[in-house]
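So, here come the structures, one by one.
Two complexes are shown next, each including subunit A; its partner changes from subunit B in the first to subunit C in the second.
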Partner chain A sequence: MQIELHNVHKTYEGAQPLHVLKGIDLSIEKGEFVSIMGASGSGKSTLLNILGILDSYDEGEYIIDGRLIKGLSERQAAGYRNRTIGFIFQSFNLISFKTAVENVELPLFYQGVNRRRRHELAMEYLDRLGLKDWAGHYPNEMSGGQKQRVAIARALITHPQIILADEPTGALDSKTSVEVMELLGQLNREEGVTIIVVTHESGVANCTNRIIHIKDGIIGEIEENREHKASAFGTTTVMK
Partner chain B sequence: MHDLFTEVWESVRRNKLRTCLTGFAVAWGIFMIIVLLGAGNGLMGAFNQSSGEFASNSMMIGGGSTSKPYKGLKEGRRIRLVTSDMDLMKKEPFSENIDQVTTSHSQSGYTLTYGKTHLNNVSLNGTYPGYADMNRIVMLAGRFINEKDIQDKRKVIVLGHLTAKNLLKGGTDYGRLLGEQVKVGPFAFKVIGVRRAEENRDDRDLNVPYSTIKTIFGLDNHIDDITFTFHGLPTEEANEAFEKELKAAVNTAHDAAPDDASATWVWNRFTQNLQMEKGSKILHTALWIIGLFTLLGGIVGVSNIMLITVKERTHEFGIRKAIGAKPWNIMKLIVAESITITAFFGYIGMVAGMLACFLMDKTLGQSSMEVFGESIRLLVNPTVGIDVAIEATLVLIIAGTLAGLAPARKAAKVRPIEALRDE
Partner chain C sequence: MRLDTDTFREIADSLVRNKRRSLLTGFGVFWGLFMLLFLIGGGAGLKEMLSKNFAGFANNTVILISSNTSKPYKGLQEGRYWNFEYKDVERLRQMVPELDVVAPMISAWSGNVAYGSHSSSASVKGITADYDKVETSQIKYGRFINEMDVEQERKVCVIGKDIYNELFPDGGDPCGNYVEVGGIHLRVIGVDFSSGNMSINGRASRTVTMPITVAAKIYHRGNTVDIICITGKSGVKMTSLESRLRSVMGRQHSFDPTDEQAMVILNTQQIFSIVDNLFRGLNFLVWLVGLGTLLAGAIGVSNIMMVTVKERTVEIGIRRAIGALPSEILSQILMESVSLTLLAGSFGIVFSVLMLSGLEAITKHEAVFQIGFGTAIVAALLLAFLGALAGLAPALRAMNIKPVEAMHDE
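Take a look at the complex of A and B:
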């Protein structure tokens, strides 16, 4: 068992305290390809933040590979994010003044890998994602699909155990969305990386093997989806 | 290091105009520091030059008039030093500190004649061998007056090199004059040496043995003043105590009250130098402070611009943190950028300041003012040395760090969830 959450609570303090997560219990096995689905305001983004160690939680336990992730210093959290987790964001979050290859190199830079080595590795990953010729281009010179593939290369380069994708297709057209989801599925099958996709689109969720529904801060239904019954970007459910 | 500077360059390049505008204030601050210190150095250089011709460890003592009655003698009596006062200084307890004792006497308004050359308005300056040390005489040919000249009342003379040059009709082989006879007024002297001299200052003072001039002019035992060099009085207090003791001894010899302050006067070049050094330090510090305050404006500007940069790059820092940047990695970026801007423009200011000092040296530094017939240079070498350049570099690095610190802390505190926020 790779990821475990026990009774995780999170409240945003403020004039009107907001109890967002109300006791999340969840376990995700190594090598799974799951999606967390929920409407906006359901707490799925907060859950993602906690899973990605971007934010802290108030109560309960979050365990990765038997290690409790709680009360970490900023330094330790940065280390975990760097080595264990790869992020893929809706708006790609590439650094605009760096070229594709420099963006892919960045996580290795924070690991202290030397310049030549990390350039080699970054080129290798870009090649795998079919972007070798785009290595020297800046993000604003690329299409959405290309940018997301650069972001995926950046997420993969540190060999993370977990990839967290936050609405990875949110900014892409449906054709590119299918490509990106197929790419993630392929990575999951071939490399055995655990992939957690957070989405509100059922079509996207349908590409994954297990769909975890979250509603009002608690886990609802958990669907096994081995057969991917609904056609991609489903016909029966709400789509973009 | 390479990576850090690549990052800094990328950031600076994106904001050229505002970086330059901010940098200008820093450059101006450093420029002011350099120019102020250069001018200060020039001013102190000019002071030192006018006092630099004397041995710094010398004192001059002379007679005044009594301010109180003593031994039945009325106050207001004039005290004139005599040659035996010089012997007083060669005896215990003063001989412990005093090295050479001299006096001098000048008679002016003579004409110097050598062959067919005449030079008007020279003066005969009767003195002792010690005069050479006390006045830092540099001999260009021959020798200065010695004890034997004094004893034998020889008619020998030492010329200033400009006078010598005149006598040689522009020639500089001063050795040719040695052994030659010159006439000063009606008196003939043999040239024994040529010393370096300065125009309008001491060039026309021709040195002859004191005993010779005394005989020629039939002087009595009275002398104007006594100058002596000393050693072993390191502090101002020690000097004061010594002066007091000396004055008491001389006063007593002239039947004045030992504690009568105005019966004799002492001019101590050593303590005067100490005070001047103190003054020079104060001036130096004051100039630094003024310069630093000017620089402060620039630093605040850099700090301000860095804060704006941090605000603009919040999302980017969020991304960096999400993919594993530690707070220190982010802080380093901002501090390095701040130091780079400060140091780069600071150096431009420093070079400009040094150029300005150079120009100041070539213009103001060469001009001089006539004061009581003596020419005084306004500024002597108004430049700054390598030490100031190193100090200024340190100041820049410290200033850059300080300017970057607050913004960098702000940047380091950016939360990684900023990355998830849409731009």
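Take a look at the complex of A and C:
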């Protein structure tokens, strides 16, 4: 069991405190390909932030590989984010003044890997994602699908055990959405990486093997989806 | 915080790839440093140029000038005029032993000096050999007046640079030639090339100097003397001698020793100290303006870095999300700020050095305007410090950006 959450609560303090997560219990096995699905305001982004150690939680337990993630120092949290978890964002979040290969290199820069080794590894990953010829291009010279593949390469380069994808297809058209989801599925099968996709699109969720529904800060139905036939809109309408 | 080539490349990348931002930020510092160094160099050069006016003038000289009395004394009415006489020199020497040089002078304000068909206007000074210690001459040809010239009333003279140029346009050593002054022919024994603009009775370059005994004869002065120049022995404060000088002269020439108008005492030390204070003030102003400009530049850097950090929230969030430590973000922003100020400042140093050598060329190398190497080093260190200071607030703000902001701040 790789990821475990027990009774996780999160409240955003403010003029009007917002109780977003109201006791999340969840376990995700090593090598799973799951989606967390919910409408906006359901708490799915907050859950993702907690899973990614980008945010803290108030109550409960979050355990990765048997280690409790709570009250970490900045250094420890940065270490986890750097080595254990890879992020894929809706808006790609590539650094605009860096080329594709430099963006992919960046996590290794913070690991202190030397420049040549970094470059070699980054080129290797870009090659695997079919972007070798685009290595020297800046993000604004690439299509959405290409940018997302650069972002995936960046997430993969540190060999993370977990990849967290926040609406990975949110800014892509339906064709590239399918490609990106297939790529994630392939990575899951071939590398055995645990992939957690957060989405509000049923089509995207349908590509994963397990769909965890979240509603009003509580885990709802959990669908096993080995057959990939869970789409509310039928199997023919894949996405959008 | 790592300090290796990789870190520097990362910094160079973010500076070079945001050219306009870097240029705008750097310009304030560039200009600030340029102004500071240019003003320092310019001020020093100006001071040197002005100081040259006093060149060769003993700076503890006091000039005594007789004048009308303003108080009645021993039955004599006020408003009476009196004159120094030649014997006063010996009197002063004996009564005031603190004095080093006592040099009497006779002067004729406007005279004409002629050689062959050339003539020139000049002021005429009759002096003793001691006078050279008050206003040092720079003899180019020949020699200065000596004691024998004075004692034997030799009809000789030393001419100033301008007069030499006008009377002897062909150049060469004029010594041995006779020039005509006030109807008498005097043999030229020397040419004085000193260029100081502060001198007694006209500039040295337009003066014909002759033994005082000869001048007394030519201008029918008898025993009277116009001016007495005195200098103190080393360590003597001339201002402390003033009342004694008045009482010695007052007793001899029957004027009230408390009558400050009867004898004018010009203390060059005071003039020098006025000029000195002027430059101290100027220097202060230079530093104030220069540092102010530099500080404004640094604050500009800080401001733009602040905006930059705001603009880069997402980028910094991304860096944090993929494993950058807060301290790494802090050091990156700080180093960017320091690098930018140092780089821009170096251009400022180079530019001011170039401008100052241009200034030297324009003024025909009359004075050294160039800043010293040490000044440049200090300026560079100051810059690094200012850069760090300027980067501190933006860096702290950047450090506090949460990685989660990368996901939401669009």
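Everything that follows uses one rule, which is that the second predicted complex is superposed on the first by the 230 of 240 C-alpha atoms of A that agree within 3 Å, B and C clash if a C-alpha of one lies under 4 Å from a C-alpha of the other, contacts with A are read in each partner's own complex, and residues count from 1 in each chain.
FYI, a contact is a pair of C-beta atoms (placed from the backbone, for glycine too) under 8 Å apart; a residue touches a chain by one contact, two chains touch by 3 or more.
Here the structure is a predicted model, which is why all the values come from computation and not from measurement.
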item: Overlay on subunit A: subunit C relative to subunit B, clash or fit; value: clash
item: Which superposed partner A:78 touches (first subunit B, second subunit C, both, neither); value: both
item: Which of subunit B and subunit C A:93 touches, first, second, both or neither; value: both
item: Touched partner set for A:112, first subunit B, second subunit C, both or neither; value: second
item: First (subunit B), second (subunit C), both or neither touched by A:154; value: both
item: Clash with subunit B (superposed arrangement) - responsible stretch of subunit C out of 110-118, 218-226 or 326-334; value: 326-334
item: Where subunit A meets both subunit C and subunit B, residue numbers; value: 45, 49, 52, 54-55, 74-75, 78-79, 81-83, 87, 89-91, 93, 95, 97-98, 106-107, 109-111, 115, 154, 158, 166
item: Residues of subunit C touching subunit A in the complex; value: 2, 5-6, 9-10, 13-14, 17-18, 314-315, 317-326, 328, 402-404, 406-407, 410
item: Residue numbers on subunit B that touch subunit A, as the complex places them; value: 2-3, 10, 14, 315-316, 319-329, 415-417, 419-420, 422-423
item: Interface residues, subunit A side, partner subunit B - complex; value: 45, 48-49, 52, 54-55, 74-75, 77-79, 81-83, 87, 89-91, 93, 95, 97-98, 106-107, 109-111, 115, 154, 158, 166
item: Touching residues on subunit A, where the partner in the complex is subunit C; value: 45, 49, 52, 54-55, 74-75, 78-79, 81-83, 87, 89-91, 93-98, 102, 106-107, 109-112, 114-115, 154, 158, 166
